[in-house]
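Order of writing sets the labels: A, B, C and D. Residues in every chain begin at 1.
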Amino acid sequence: MTIKVGVLGAQGRVGSSVVDGVNAADDLELVAALDRGDDLQALVDNGAEVIVDFTTPGVVMDNLEFCIANGIHCVVGTTGFDEERLGRVRQWLEDNPGTGVLVAPNFAISAVLAMSFARQAARFFDSAEVVEYHHPNKLDAPSGTAIHTAQGIADARREAGLSAMPDATEQQLEGSRGADVDGVKVHAVRMTGMVAHEDVIFGAQGQSLTIRQDSYDRTSFVPGVLVGVRDVAEHPGLTVGLDGYLGI
Amino acid sequence: MTIKVGVLGAQGRVGSSVVDGVNAADDLELVAALDRGDDLQALVDNGAEVIVDFTTPGVVMDNLEFCIANGIHCVVGTTGFDEERLGRVRQWLEDNPGTGVLVAPNFAISAVLAMSFARQAARFFDSAEVVEYHHPNKLDAPSGTAIHTAQGIADARREAGLSAMPDATEQQLEGSRGADVDGVKVHAVRMTGMVAHEDVIFGAQGQSLTIRQDSYDRTSFVPGVLVGVRDVAEHPGLTVGLDGYLGI
Amino acid sequence: MTIKVGVLGAQGRVGSSVVDGVNAADDLELVAALDRGDDLQALVDNGAEVIVDFTTPGVVMDNLEFCIANGIHCVVGTTGFDEERLGRVRQWLEDNPGTGVLVAPNFAISAVLAMSFARQAARFFDSAEVVEYHHPNKLDAPSGTAIHTAQGIADARREAGLSAMPDATEQQLEGSRGADVDGVKVHAVRMTGMVAHEDVIFGAQGQSLTIRQDSYDRTSFVPGVLVGVRDVAEHPGLTVGLDGYLGI
Amino acid sequence: MTIKVGVLGAQGRVGSSVVDGVNAADDLELVAALDRGDDLQALVDNGAEVIVDFTTPGVVMDNLEFCIANGIHCVVGTTGFDEERLGRVRQWLEDNPGTGVLVAPNFAISAVLAMSFARQAARFFDSAEVVEYHHPNKLDAPSGTAIHTAQGIADARREAGLSAMPDATEQQLEGSRGADVDGVKVHAVRMTGMVAHEDVIFGAQGQSLTIRQDSYDRTSFVPGVLVGVRDVAEHPGLTVGLDGYLGI
């Protein structure tokens, strides 16, 4: 049994990689690849069970309203979702409670897992720091992922009642100890040739644990999208964030 | 409120590190440090709430019988537990159902977490391999931890219905692709200067996730023992393996 | 002062990346981009001082004969050079002793440096092993680079009179200790998402040294080609291998 | 043929590790292990060819004057050498030009090699940064080794005429991009369980090269001392720094 998939935004850079990913998967069947101006009715006519939406904030809400009304599950990577938009999605879902919608800002499954593992590990270690590595064209430092990871660690430490990390530094060159994100040090390396990489490092007596995430190219979101496509039917209602699907 | 702790085998190499660890922890109080020939009654007299046992297979069962009968929780790293022994512990616990006993073969918390994360991550990746690194005096290759990790990955892949990993190798030098542990390749490096280290590597389109565990010295079991001491009261009955305490 | 560069094979996948690299460099000027059927005279007419040849074994020799006769330095990545071909190049150079020709099988400068550093370091360490990581479509294991690196280590150890590496392994799963390349263990990992990566690991009492090389995409040869272009005029005669230009 | 070795400061923490290292080496013979108050004449009487000095600034000069006068080569790790002291050593050596003296601040051979490789590699890469990792009791950040490594990179880049590294960062959390050491970014991680570790990372188009140095315990200076002992006879006169012996 294959799952019948429609892709919206199929001619965009991201959408076309999703099309390739669906075509390459034995258990998925591409039944519609739509873009700007195409009629959504094709989804129904071709029996799409799940759609993937990488379109634009201007059209995504219409897409979701149509799909939910037709009982088609939705996996959404389009940006621009605030509480108001999520509220409208929830409302549409009230009439179709069996339909699942996944809205996720980040489909890079290794990055999502790294953040989850970091939160799980945090309370067992005295020390935790984050080092991220990106290409030198990146405008912000540290990366949003690294900041988010550090905040997850800080939250987990607080919940576990841990005190501040040990650090005897008395004399330092400014900046050497990194940025402070809620008590967790974060370091940003900029390096020609690199893409996007992150080390989350934990230390305790006599040992360390490092969670390393490497993104080598811009299609690294595809496996996470396919996890969404395969699992969305088992998660009726609205789910925000891919981690809700990881069962961890 | 501190927890009152007794250590059995307190003069052994491992036990004395546990004594140091308890003494260094603000929330724990060492009330008895016993070794061969000492009277267990001192545990009761000094109000021990939890004992840590790193003794020998010859005496550990007597220690557990005494402690369970007196409602003292037990954290046990002594080796030699088979099903028969675990059965006897369960029987003693029937009369003291509020008492907790943790029997764990491995207290290195970073290694236990690494195995847990590996099992969680396995089903989301096409590829998974394990590389372990140890000092050259080690007699077996790969390490028991690496084999155990690989089997956990293999189990998780099977449960998720994953097919074999991609590998187009046609021509190879014998041994280059590692040992096959239930379909997961495991590589063992032996290196003067190193202690015990492990990389669990997962790959999917455009990305990889690496869980790296480093043990730098022989006291790396201490933090895991202290997790056991702090949490054993909340886990009445018998628990085998520290992962049962990690809430993950 | 810029260097005037001609590219032969300019429309091929590799050649076009060289064209991009030359165009992006402030100190280089692209004066000719030729491919199959173009007249080599354009090199002379446009004042090319250096050519880069990524063509085919069928045409490269004619290209070199022409360029050497016209005093144009040559940086050559085209394959198929055996002793006979190198001999003919040397002969042509006898009449133009001021002209430089660099023929290199590998222009990935990080890989060339890694091999050089491995040879330099080898005699100072008790242990040395190589772990290489590639995408799973690779047909051979280990990679040619890893084998070459291991042989360089083995040679350096032999010259220094080192004895065999310490390894107490008595009991092993077949393949876990890797392939034996002249006494140096080499391990090959195959991982979806990865490109081409190598760890050369050295160990001595209380320490290790790891030389890690990562290739993230298929243009990683460009920087090495540009080193060749910039330095070839200072290396008259024939040089085989980019390491001859690294001054190390 | 073994080399006859005397150790001065043989009962100190460092000196006793040197004694162990000499005893464990097949090609070295310990003929004198002296400490405070012992008569240096024992070195001559027992035929010492090389001495290793890990004593104190207060006695090392007398030791060297005696050894040089007796034609005994010297490997010196004692601190406190300034230009004035080095000048006196050179003067003593004028009368014994065949005698070798090595004075080195750092005998950790992997660290010395890492710095040398960093200087060699620097001119071939657009980007270079240093990340060092130490236990949290360290008082200064970054480590002296990391600063020294960064300065070596900066010098090599300047000599090669390289321009500033690419870095498009516009918006940053303070400290995230590390400390600036002569244009090279240096990051310092403090982590319970770790000892002393350093990553020197270089990036160019499509690739990176990382030189990783790990010190696992406090005896990591021993292999470098033994390199000194074995090679000092071939380096008559004064050599400052172990890198002068590495032939690189």
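Here, contacts are C-beta pairs under 8 Å (C-beta built on N, C-alpha and C of every residue); 3 or more make two chains touch, one makes a residue touch a chain.
Bear in mind that the values here come from a model prediction, so they are computed numbers and not experimental data.
Each step here moves to a touching chain, and the least such steps from chain B to chain C number 1.
Contact count check for A-D and B-D (C-beta pairs in contact): higher for A-D.
The greatest centre-to-centre gap from chain C, using C-alpha centroids, is found for B. Of all residue numbers used at the contact between chain C and chain D, over half are used by both chains, marking a mostly same-residue interface.
We define each chain's centre as the mean of its Cα atoms; on that basis chain B and chain D are separated by 39 Å. Centroids of chain C and chain D (each the mean of its C-alpha atoms) stand 32 Å apart.
Rounded to whole angstrom, the centroid-to-centroid distance between chain A and chain D, based on C-alpha atoms, equals 46 Å. Residue positions 125-126, 193-194, 202, 204-208, 214, 216-217, 220 of chain B are each in touch with at least two other chains.
With chains as nodes and touching pairs as edges, the resulting graph is complete, every pair of chains being joined. Across the complex, chain B meets chain D through its residues 193-195, 214, 216-217, 220. Only residues 125-127, 129, 131, 133, 136-142, 147, 165-181, 185-194, 201-208 of chain B touch chain C when the two sit together in their complex.
Residues of chain C touching chain D in their complex: 21, 108-111, 113-114, 117, 120-121, 124-125, 202, 204-223, 227, 246-248.
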